[in-house]
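Chain nomenclature is as follows: A, B, C and D, assigned in order of appearance, with residue numbering initiated at 1 for each chain independently.
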Amino acid sequence: MSATPNQVLRQAGQRTTEVPLGHGVRIGGSGFVVLAGPCALEGQEQVERTAAAVHHAGAHVLRGGAFKPRTSPYSFQGLGEPGLKLLKDAGHRLRLPVVSEVMDAQQLPVMLDYVDVLQIGARNMQNFSLLRAVAKAGRPVVLKRGFGCTLEEWLLAAEYLLDGGQPNVVLCERGIRSFDNTLRNTLDLAGVAWMKERSHLPVIVDPSHSTGQRSLVTPMALAAAAAGADGLMVEVHPTPEAALCDGPQALTPTLFEGLMQALAPVLAAVGRPLFGQELRRAVGGAR
Amino acid sequence: MSATPNQVLRQAGQRTTEVPLGHGVRIGGSGFVVLAGPCALEGQEQVERTAAAVHHAGAHVLRGGAFKPRTSPYSFQGLGEPGLKLLKDAGHRLRLPVVSEVMDAQQLPVMLDYVDVLQIGARNMQNFSLLRAVAKAGRPVVLKRGFGCTLEEWLLAAEYLLDGGQPNVVLCERGIRSFDNTLRNTLDLAGVAWMKERSHLPVIVDPSHSTGQRSLVTPMALAAAAAGADGLMVEVHPTPEAALCDGPQALTPTLFEGLMQALAPVLAAVGRPLFGQELRRAVGGAR
Amino acid sequence: MSATPNQVLRQAGQRTTEVPLGHGVRIGGSGFVVLAGPCALEGQEQVERTAAAVHHAGAHVLRGGAFKPRTSPYSFQGLGEPGLKLLKDAGHRLRLPVVSEVMDAQQLPVMLDYVDVLQIGARNMQNFSLLRAVAKAGRPVVLKRGFGCTLEEWLLAAEYLLDGGQPNVVLCERGIRSFDNTLRNTLDLAGVAWMKERSHLPVIVDPSHSTGQRSLVTPMALAAAAAGADGLMVEVHPTPEAALCDGPQALTPTLFEGLMQALAPVLAAVGRPLFGQELRRAVGGAR
Amino acid sequence: MSATPNQVLRQAGQRTTEVPLGHGVRIGGSGFVVLAGPCALEGQEQVERTAAAVHHAGAHVLRGGAFKPRTSPYSFQGLGEPGLKLLKDAGHRLRLPVVSEVMDAQQLPVMLDYVDVLQIGARNMQNFSLLRAVAKAGRPVVLKRGFGCTLEEWLLAAEYLLDGGQPNVVLCERGIRSFDNTLRNTLDLAGVAWMKERSHLPVIVDPSHSTGQRSLVTPMALAAAAAGADGLMVEVHPTPEAALCDGPQALTPTLFEGLMQALAPVLAAVGRPLFGQELRRAVGGAR
């Protein structure tokens, strides 16, 4: 067997893989899926307010970090298991599947008690030991692209997951590094379109980490939808100015609601409904 | 006076500058403007067929290079003045303004005989002598972003033009370099959204050079429209496989027509008509 | 405590930390230290021939990978523990300390049975769980710079190790990614000089991975020495054309001997002996 | 003829081209050549003091900018012709050839009255009109690498000069852009070593612009010498804190003298004398 990817590649005529995320939510079909929530889980009130807000605005999956990979050992490192419990409880109440980042194999047992979907973060995209362990954990995976990694390396990281036994993988573009540091990262939307051609896996876009700037999140969310992405992962915080992590890029609930309203017509323009609205449309309903 | 830009910056509440491109076409208002044509002008048949096709599909401005900045001295360097004449004739017949790249100040007299809009290419974005000379030439300018230049440097290059006396400047994002060379360049759409906030100048996107791959041109064109760009610059060639320059990224007339058809609903979704359709809409017409 | 580094920073007048690597070898003092060996441990003959050759040429530490972080799941993944045993045996016979990469915390117990120094690879520089676990393992660490990571992030990764309890950290520059992919990576020697100013930790250079091209290894090794690096990590293979990993950048034993001979006068020019030759010099001996 | 370089490529066994720079100074042979002077020519006293200092310390060529390509139109743009006159006078008195940057073809007549060597700056490396004009001007050329350009593009820019009739071209590496903006640019010394293999043209290194930081200039100068560069271009200013351009990277005369003293033994270690010392060595003299 050569060192090139094969299980992740789209064969001629092959449809995008539909990945079940829990509570009936599926990504990769015609429905566009929105994952939203705070960067870091901080406490009960923050989690519940955010969950209620994103659910109300139409998000399909609740995200939130309990184990945070922080550049500095002196930055807030996350609530750990208590955070996961808050996340699960909020998701359970609202019937939203939940996703959270796993940083190492030892965290897997506790993660599996709480989350529907495992996220592998950008800094761990080439942590091959983690990829192998997560592949055996039996849960769908959101695999973020490393900010210093090529499209081909991203494909091969996904190949580790498929080869290890986990077919349900969602790729998430979150920006790469370039010489221009005006924004936090350079969002590679052409890479998303390229990936949609090359792989049968669903691809989503994170307009929050990639730009690092609140006012650019909605334009990039709309651009991602127009470019053919299968979904979005968006950071929302009830009081961004008080966030313990990445406040400048978090949307308020109001701004997130605006994003969702702006998104619907763009999706309609490219022939895709929001997930869950295919049926309503089919039976003549409207959101 | 400090070394920071000021004339190009958007003041609070300031509207985007409307730049007249000729034959009544204006960019920067609500109407979205499409510039299209071949990378290089190659001969009468090629120019006329392309011009007819892009006009038929709804493009507003005809583009084509007569003086080509080529990496190798042994590559096709462009037809020169005879190419400009073909471009002008084709534009005249179809009542389309024409744009072409000027590589140095000595070319300006001949350029001014033929073109409505002067383009400064990516490799010359920081050719400050050229910027000063073009600023005095009295024609609107399309200023491409250098593939190795920051957003701030791009702003300051435009400042040279405004400070030199030319207020009618259109910024064109055409991709930057990053470590990932899977595609020709990395299209920086978040940079476009950032620039729209920061400057009152219109910003367009070139999805052809930035991706270098035909199949990605339409997805990136739609993404640019969704992100808030004021227009597009697209390469079209009647027989891309025979093009003397950049064939792999050129759309056929048929593909370009598909792009224009896909574009209309995305523009509608973000509340912008194609240029020239505001009126028809206002009087009850439809395209 | 702020999120900025502090334990890794060089205070005014502070000397470079001397890190003991085993068998009496110390790095960070006046003596320049050379770590050499194969990219991947492949079998007994390969390990023993390489070890004998690098020892003969004057290397101080034997390196070799048993657990290989490979971009593709279908590439050779390393011999695992049997490889470590070969490495330890070869080092023991020649009285050379040995260094090998640890990819995850679960490998630590077996690693500790065999190696004197733990290496954290470029892809794991921001695997913070691994950094914390390695910090508690009680062995000196070589911390490679991530190819997509800034100098400041590299400092903060080292801070995780010092903050976690391991003061003996050696930083290893191995090239970063840039838009120019002519060579495998872009070796950042100015970053090495910057780091020597900013941190009290010893800094070494890997001219093999950074260039990916055999003929450039010696020039970059000499440049590193002239720039003020404290040592080198060099890949050597008895038959590079048959190597299971990274053959094109491996030196043959003969070429490595040439590197060591060329290195001595450059080190003398910047006032540093090879490690182990300070004493001989002091007592009037010569190599 | 294909679009690949040929006149600049080193044929098997071909020696490096020796480029005459004026006043008997030649670069590309065994002698290492140092070009030094201020970033911008500012006035008589500054030019004369700098010239005397760099001559005293052993530099071979005097550099200084009269036409400055500045990112902002509001930054100091250079003294123009009066600056060139100061440069020529200072060089004439000390019998040092002088080099200065030409920004466009219209400046050539005045430049030719004053300078021995024409410099093409990083921002104009792909200003092909300028390359063609300079190729016909009959003077040796220093061609700086564009900070966003690949090694292959640099080769092809030099090919424009040779193909246009000027065989005496010196390549100057001055740093490229990467995601890490800690330093001004990323100095690509491995690219220098690669270029020495690939081309027969002499290659020099600018440790001033590449690092942007005074304290790193000498380490990078030594590294360049060890890596096989044919010379250096270094910025020196009598009072860097008062410099009108790039003060933070300028060496004082004292620091420059230190650089030259540190350079000699490194050059000796790689078997190269400073230019002009070959003969003294040959007749038994020492500097």
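Definition applied: a residue touches a chain if its C-beta (ideal position, glycine included) is under 8 Å from a C-beta of that chain, and two chains touch if they have at least 3 such contacts.
Just so we're clear, the structure is a prediction, and the values are computed from it rather than from any experiment.
Q: Would you identify the chain whose Cα-based centre sits farthest away from the centre of chain A?
A: D
Q: Tell me the angle, as a multiple of 5 degrees, of the rotation that maps chain A onto chain D over the C-alpha atoms.
A: Going from chain A to chain D via C-alpha fit gives 180 degrees.
Q: With chain centres defined as C-alpha means, what is the inter-centre distance between chain A and chain D in Å?
A: Roughly 49 Å separates the two chain centres.
Q: Could you put a whole-Å number on the gap between the CA centroids of chain C and chain D?
A: 34
Q: Quick check: what residues of chain D touch more than one other chain, meaning two or more?
A: 148, 177-179, 181
Q: If you connect every pair of chains that touch, what shape comes out? Choose line, ring, star, complete or other.
A: complete
Q: Using the touch definition up top, name the residues of chain A that touch chain B in the complex.
A: 148, 150-152, 175-183, 186-191, 193-194, 197, 210-211, 213, 215-216, 219-220, 222-228, 262, 265-266, 268-270
Q: For the complex, give me every residue of chain D touching chain B.
A: Residue positions touching the partner: 1-5, 69-75, 103-107, 123-124, 126-130, 146-149, 153, 156, 159-160, 163-164, 177, 179.
Q: Taking the complex as given, what residues does chain A use to touch chain D?
A: Residues of chain A touching chain D: 148, 177-179, 181.
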